[in-house]
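Structures are listed in the sections that come next.
Each of the two complexes below includes chain A, the first together with chain B, the second together with chain C.
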Partner chain A sequence: MIGSFRQSMTWLHTWAGLIFCWILYFMFVTGTLGYFDDEIDQWMMPERPAMQLTSVEKSIATAVPFLEQEASDASRWFIALATDRNEPLLRVFWNTPAAEEGGEATNDNKLLDVSTGTAVDESVNASGGGQVLYRMHYILHYIDRDLAYRLIGVLTFLMFVGIVSGIVAHKKIFKDFFTFRTSKGQRSWLDMHNLLSVSTLPFQIMITYSGLIFMIVTWMPGIALGTYGFDAKKLQADGSQLLGQTELEKSGEAAPLADLTAVAKLAETRLGEGNIAGFNIEYPGDANARITVNGKSAGLSRFANRVVFDGTTGEITDDSEIELNTSVNIAATAIGLHEGLFAGTLLRWLYFLSGLLGTAMVATGAIYWTIKRRPADGSKASFAYRFVECVNIGTIVGLLIAVAAYFWANRLLPEDLANRADWEVHTMFIVWALTLLYPILRSASQAWRELTWLAAFSYAALPLISVFTVEQHLFNFSEHGRWTLAGFELTCLFTAGALLVASRYIAKPTASKEIDKEEDGSLIPVVGK
Partner chain B sequence: MAKSLRAPGRWHVTSRVIAALIPGFVLVNAFGIALALILANFIGWSKFDAVAFSTLWSFAFYTAVVMWIFSVKTLRKVWLTLLAGLVVTGGLAYGLLVFEGTL
Partner chain C sequence: MLFVTFLVVLLGLALISSSMNRHVGVLGLSASNPERLKLFKYVGYVALALAIPLAIKAAGVGLGLTWWFALVTVAHFSLALLLTYLKK
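On to the complex of A and B.
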């Protein structure tokens, strides 16, 4: 489009990157925190039982009576066993069909405390926890879920275009990788952006392309539909056949549900001892009831095998091994890699670190954009330039403050506040809005420095706030011994320290406005300037 | 070299964005359908395997198409090539659907 292919790609990288970089940054921040979603849950709801790994028999003995009592008219029950960090507690789900014609079907779920046999009270100190925070990275907040999902698909695609065009734009990718010029102003920001991007490139490609794979049904249904001559039924039939799913009709005749404990015993002979993740029970109490016992997924892939039972006799009706085709396997593995549910503690931290580096990649790219276009001394910045600068500051540092505010709100909002969990999120976005406005009042370097200090303070204060608001905190760790809580608060302190260090560098005036035309080759002025 | 590095005009950008969003996107779908049908009819894959393969890599095809759209010099070439691509892949897909008796 302009000059050589590489120059066009630099243009594309710059603009595909800049135009939505703040939402990408938001996705990176909330998504990265998502690798510790369950740990954040624990910190935000410390009174909840932390983890109850228990026998299948005991889980069934808790879940089934509860469902019989609360969801006797449900069309489906799902019992998700407490298995590991990802599913720390027993949870039951149920779908209730519409009571009358034209009504709406509903679904509900409850966490169960196996020690008391009752539902965990989620109304006192209600909190969105890490789940609400991490879900924002793919459904945003305040806007319609489907719309958000579509929007995120577009952004993820732009991110992928940004990555590939960024690689192409980079003439000397390996040489530059080993080049880091500190205190060289503009050049240092570019070097930093390159270093962050190239060193984490496999992760960035994996996370972005697998993010797109989540979007296949939303954005690329056309290929599958078209290949089947736009016959959705035939496509669905082939898909169900692959996954070994068959339709089930309710008979209307009542019949008692088979003994789940016996079913579980039998299922373990096929899936392996202790390898049950959950029970899917369709039409419980009906003569046509069906029980599907899901195994735990092995390895990276999210896919797991299952055994199907007759829901009244408790006999196996289908224990065939499902053979996924290569492409579906690749997709399942990519999704598994994206979610990283298989990761143990060390690998989880690596995921978190990679996410942070990706976050920093987006941030340094956005900062570089403004530094490169910084108006000469004394001349007035255009409105567009000033806008980007302010949103950069208000997002790159401001969002970090907003996330801290989400945690502050969790500790400080009154226990019995109506819609308490919603108010945690409102607090986060109100604070973000304020940090977006603040840079308007200050010069760029003042705003960078002051907001970074505020961010450092807001994280440093979190462990102290805990001392006054909850029973278990960092300073009585020896009494409760919960590493998750201590780890969260230590991470907050570490974050505060890192932000303090950053504040010393981030607003340093550029030493020299050295422009390296030859090496950079991407001197493109702002469109419309 | 420096002379050619002007900022692209506004119309240039808008036109290419539209080209990427509409004909570019349709082209990726048509190409994906044609590819899946070729795999299913001539390589012996099951239809569902072929569809899964084609769809899985569709975002990579799309990336290539978008990068190409933003690298070509003239708008004329962008639109004419996209149009030609659509006719070829769309025609191929349609022909294969008729050939295998789906349509």
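On to the complex of A and C.
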């Protein structure tokens, strides 16, 4: 223990925070963008049909013939109906078992355009969309998924440690509840860090704790291992049973699939009219086929009711509501809260805002570390200090430029480029690497200011690029009725404006003693000139 | 109803901030009347508490509480920035 308990917590908060702040910042930026992943999808793939909310009958009439033709030998079909912003289009999935012993089963999926009844060609102008950005916050990129889960699990745990130690370290938490003192150098940065932390504390606790629940099996494998050993099949079967699903064997005897439209009508009497989210069809065309009709999730929980049918007769076999036990219920609610899929437009914006404030909290904490340790009297900074400062600049502003580059790449890369979606991501990381190198060549104040200008330009130019590269853009969205895309581009313009304002403040002299010492009057300390 | 909830949350936080020594002068109040400041503080807490059933009535228990926390976050941060601006 270093000094008192509070001093120990401050030490822990400072150093755990510093070492992991950049990757936490990355998680916050990409996770926050994830609250608008579907909207980003729409902007990045404007040629795709917009939301197609159609009747269940029409969706079935489109999906079933397609699956019969493309996936007649599949062991499972899944039809995800277009229901709301989370599922704007009809999508079908299927699992095909291995053709021979020892071979690999395959999974496939297609988006269907209900207006034409055909599959949407996803290879043209391929893009990772908002989903790739969103997934980065929990599986990162370029590294093995299992390793990423473990790494993100550690980071989430450290974030939780950071929150708790931060609460203990902040001794005037109530006295400073609304306090933000401007023009006071490092005090202002600490005030802003504290204010952002206190404002978003419920959100931070919820998002971090629910993030840990997401990874509970990764991080507490001992419980599963102690119960099941290495019998993954048994673990999976018991896991399914917890969710009300029982195992099913294929009979090998052919039988026609029950009429899905009639099944849907019957299911609606139990789930409520217009409350069907999708159909899970196991062993279609087999005498043992089973149809599970999933309802839309209600409230915060991620799980929803469902009705189970015999796949050949179309009769209800098990219409009981899923009796989730308390632990599963808590996990489902926590996961639902984390993802925020239940949120309407306004609440989604509040989620987004809380995420942005959380991002700013991490950034201000990282900046405060460098300001507090700035070498006095203009003496030369140590290599470690300079390293932290360069990574701070290259990450805090650089990542924003990199995300803009991801959007630029979407508009500017050739439509027929091989692995186009991958190249969007490569562009993002190449640009990020360059912005990490740039501060080495410039003084800190110059690097902050210039990169912030570049970030502002990157976002301001996006709507203009759209004008020259795609048919639908800010000036004619209204003609196409695509207000979501207009919202995206207006948000880009607003971001550019906010970054311009930030660049002004970064260069603004302050009355602080520490800052007055700076020759160029910059708020950010100038080191390594 | 949610807008009313927001207003009640804002009122509650504004009263709590007005009862704090650091911000008491911003709204032209005097710190010399501790009884009044105490009253502001308690009424502020009551307003915050009152906003919870309002949010629940508007959106249900789970969603209502989520709304309440989100509104408190926005109101708190906005108010802190406003107080900073007024103090300048």
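Convention: the second predicted complex is superposed on the first by the 484 of 529 C-alpha atoms of A that agree within 3 Å, B and C clash if a C-alpha of one lies under 4 Å from a C-alpha of the other, contacts with A are read in each partner's own complex, and residues count from 1 in each chain.
As a working rule, a contact is a pair of C-beta atoms (placed from the backbone, for glycine too) under 8 Å apart; a residue touches a chain by one contact, two chains touch by 3 or more.
Treat the numbers as computed from the prediction; the structure is a model and nothing was measured.
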item: Partner chain in contact with A:A363 - chain B first, chain C second, else both or neither; value: neither
item: Which superposed partner A:I213 touches (first chain B, second chain C, both, neither); value: first
item: Touching partner for A:L413 - first (chain B), second (chain C), both, neither; value: neither
item: Partner contacting more residues of chain A (chain B vs chain C); value: B
item: Chain C residues within the chain A interface of the complex; value: 2, 13, 16-17, 20, 22-23, 60, 62-63, 66-67, 69-74, 76-77, 79-81, 83-84, 88
item: Chain B - residues contacting chain A, complex; value: 1-2, 4-8, 10, 12-13, 16, 29-30, 32-33, 36-37, 40, 46-56, 58-60, 62-63, 66-67, 70-73, 93, 97, 102-103
item: Touch list for chain A against partner chain B, complex; value: 1-3, 5, 7-9, 11-12, 15, 157, 160-161, 164-165, 168, 209, 212-213, 216, 220, 222-224, 226-229, 231, 235, 238-239, 241-242, 325-328, 330-331, 517, 523-529
item: Contacting residues of chain A [partner chain C, same complex]; value: 175-182, 195-196, 198-200, 202-203, 206, 299-301, 333, 337, 342-343, 346-347, 350-351, 353-354, 357
